[in-house]
Amino acid sequence: MSAYAVEVENLTVRIRGAEILRNVTLRVRRNTIFVLMGPSGSGKSTFLRTLNRLIDFVDGAEVRGTVRVLGQDVYSVDPYRLRSRVVMVSQEPNPFPHMTIYDNVALPAKLNRVARSKQELDELVRWALERVMLWDEVKDRLRDYPHTLSGGQKQRLCLARALAAKPEILLLDEPTANIDPVNTIKIEESLRNLRDELTIIMVTHMPHQAARVADYVALLYGGTVIEEGPAREVFMNPRSEVTNRFLRGAL
Amino acid sequence: MLFSRSDKILFYTTLPLAVGVVGLLLAIASSLLAQAWPSFERFGLELLLSSTWRPSEDPLEELYGLAPAIVGSLYVALLATAISIPLSISLMLTVTEVLPRGLGTPLRYVVEVMGGLPTVVYGLWGSSVLVPLLRDNVMKPLHEYLGFIPLFSCRPLTGYSVLTASLVLAIASTPYMTALLIEGYQMVPSKYREGAYSLGALDYEVYGIMLGILKPYVVAAALLSFSRALGETTIVALTVGNSMKLTTCLLDPTYTIPSLIANQFDSAGLYRYALPTLFAGALILLLVCLATSYLGIRMVYAWRERVYV
Amino acid sequence: MYRSRVLKNYLVLALVTATSLISVAPLASIIYTALVEGGRVLLELGVRFLVELPPTPLSPAGGIAPALVGSLVASTLALLIAVPPSFALAYFVTEFPKHLVSKVCEVVVRSFMGVPSIVISMFVYYVLVVPMGTQSVLAGSVALSLVALPYAYVYFTSAFRSIPSSIREAAMALGMSRLRALVYVYVGLLRRPLTTGILVTYLKVFGDTAPLLFTMGFLTNTIFVGLLQPGNALPLLIFVYALSPYEAFHRVAWGATLVLLAIYLALFTVARGLVRGVKL
């Protein structure tokens, strides 16, 4: 079993001819929080979507290089199976509007057979909602629909839904970009507490968020990795001028 | 798009359906051709040009021509569409622009009700109410005072005529065309409308500009409406008079291909070449309808591309 | 100069509004005539109109029972035949839009809408009635289903296309296969538009005459014989009786029209009332 959850070598991605990622090489250790940071448009979301093969659905996308997730080349496995082990939470909260709060969280768990009985499912839903600190807020209205929740609560719901699927890797695409500060703090705290149970790969354009959450970081700028390493090192002693500018908010 | 085994299974189990539908369309066309063939063989081009309809026990005596039906079909459908265009445009403008938000919806509802109303109801109403009404109040005066114009030169005896059929067909087709136009109108980016108003244009001038943008779409919608009008059976069979007469006079009864088929089908089985002739008419109808509706759909797509640039 | 423009504006607005009102006025006349003429017949016969057999030239009084039953059976059967394939096709075309087969399918099924219903009637006559040796409710249902197929398809494709891409991504990102996403997410999300589509298609098929002309037969001596035997239908009955020269038949036609109108308006209101959707 590889020590690394994700190993990417010389990844180059073109979309309709435009180069989005160039020769990206990164490794993510298991049970760590890895944050890929960078200004908007630097290719971070594309990188995430290569890890779970959501890139397949993008018109005109060409992927070169090696991407190994959980020890296997992503193009040698069934992508749907892959995505049930590598679950992603999108930038915009997208709970299924026609399903209750309970059903939203329970669905992937039901489909992936994570829980075998109604009781197990109830416990799993409660566990997931507690991890995102949403349980107290919704425990009396599990049969309500998501449109009654605020934006921040919706995003925490989506996180709970992802957690209930018991993935091995959790991908997060700018999860707090559209969320208020209070909910942002709650989500970040949830993530820190999840480190032992899974590997987290998060993408953000906010350097302070990376500082608060990450074990390891990498800076992506213009499609290439400028710098990477343990979070503390990169933030205390950035080796590149570009990193410096990003951390100062000047990128 | 097929990324895994589960995808492939999904794809290949639905594929036969798609192929089946294409096959079905081809089957319809080819079975019409097969049934119509004896008639084409026997009468050749005369089938399209002759106005005779002479059934006979003796196959050698039989003689059929589709000319009145073909001309009648085109005449009625063209006239109905022509009447329908200004009506639909008015309705479209009224629903989308003229009326304040509250009143536009009930009107749209009424239009939708009329659009889905069974055509046989229009036909029955046309034959009971409109036929006598038009005959006495419109057709007789038109013939009396304007009879020198070829359009009105025939004497209206019963009121069943090209005019009546076209009118009822227009009333029945307008909701469809209106729905198409409203859809098209809502596809036009709002920036054009805003731009027109902010240049100081008055309402009717803005409508003019919007209609200008919509012009190719209106043509396409008219084509689609025309195609539907060509294929309409019940309304026409009940109002057009069902007479084997090749005519240009509006006040004359005549046939259209669908009404001819509806009328003659039952007795056609008794003779050798009657049924094949009806199938020939159906084949011609099918080809023209498919061609015009395909053209209409392509025009809509082409217009949509241009508008979003 | 400006004042003449304002005047023209009012004129155009008045003209357009007046034309619109004229365009919808016939509906009032239709409903009025149906109420008067049809009402007369219904008042005479009452409920018997719905359960008795149709009149013949020798016995003028009568009802529309076979037509009512036939319409119900044929329309329901037509939907049972047409809805599953059109649903599957609509899903196929919206799920694999780039494939050549999908593009061809879109064009072909939409072209199907351009096939005149009388042509469909003749086709079904040729492939079902002639080999079977008789007109039948089955043949009529098949003809109606051919009309229903492209109609339902258009509704279903627009429903599938209305699914927000964020929902699609969420489903994929959670590891759902396409089929699972369809069953557990899309269908639930679309339950209103799908039901409306089915209802509206039912309505269309219920009132359609031409497909039944050479396929259904014209049963008058019993209410229902069987799927493989001739039957009757409401619009068909109205059409045949309207064309006939007998005054008694015309009255029955109007009575039947009133019934048809009532059913149509009732179903129409239900279908339109369902349009409220899922709160996003």
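Labels A, B and C are assigned to the chains in the order they are written; within every chain, residues are numbered from 1.
The rule is short, and it goes like this: contacts are C-beta pairs under 8 Å (C-beta built on N, C-alpha and C of every residue); 3 or more make two chains touch, one makes a residue touch a chain.
Please read all numbers here as calculations on a predicted model, not as lab measurements.
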item	value
Overall pattern in which the protein chains touch one another (line/ring/star/complete/other)	complete
Most centrally placed chain, judged by C-alpha centres	C
Label of the chain whose CA centroid is most distant from the centroid of subunit B	A
Comparison of A-B and A-C (more C-beta pairs in contact)	A-C
Centroid distance [mean C-alpha coordinates] between subunit C and subunit B, Å	18
For subunit A paired with subunit C, centre-to-centre distance based on mean C-alpha positions, whole Å	49
Euclidean distance of C-alpha centroids - subunit A vs subunit B, Å	56
Subunit A, residues touching no fewer than two other chains	80-81
Multi-chain contact sites of subunit C, meaning residues that touch two or more partners	98, 177-178
Multi-partner residues of subunit B (at least 2 other chains)	4, 6
Residues on subunit C engaged by subunit A in the complex (per definition of touch)	98, 164, 166-167, 169-170, 172-178, 180, 184-185, 188-189, 191, 278-280
Subunit A residues within the subunit C interface of the complex	52, 54, 57, 59, 80-85, 87-90, 92, 94-99, 107-108, 111-112, 145, 147, 158, 161-162, 165, 167, 171
In the complex, subunit B residues that touch subunit C	1-2, 4, 6-7, 10-11, 14-15, 17-22, 24-25, 27-28, 31-32, 35, 86-88, 90-91, 93-95, 98-99, 107, 109-114, 116-125, 127-129, 171, 174, 202-205, 207, 227-228, 230-234, 237-238, 258, 261-262, 265, 278-279, 282, 285-286, 289-290, 292-294, 297
Complex contacts: residues of subunit A adjacent to subunit B	53, 56, 78-81
Of subunit B, residues touching subunit A in the complex	3-6
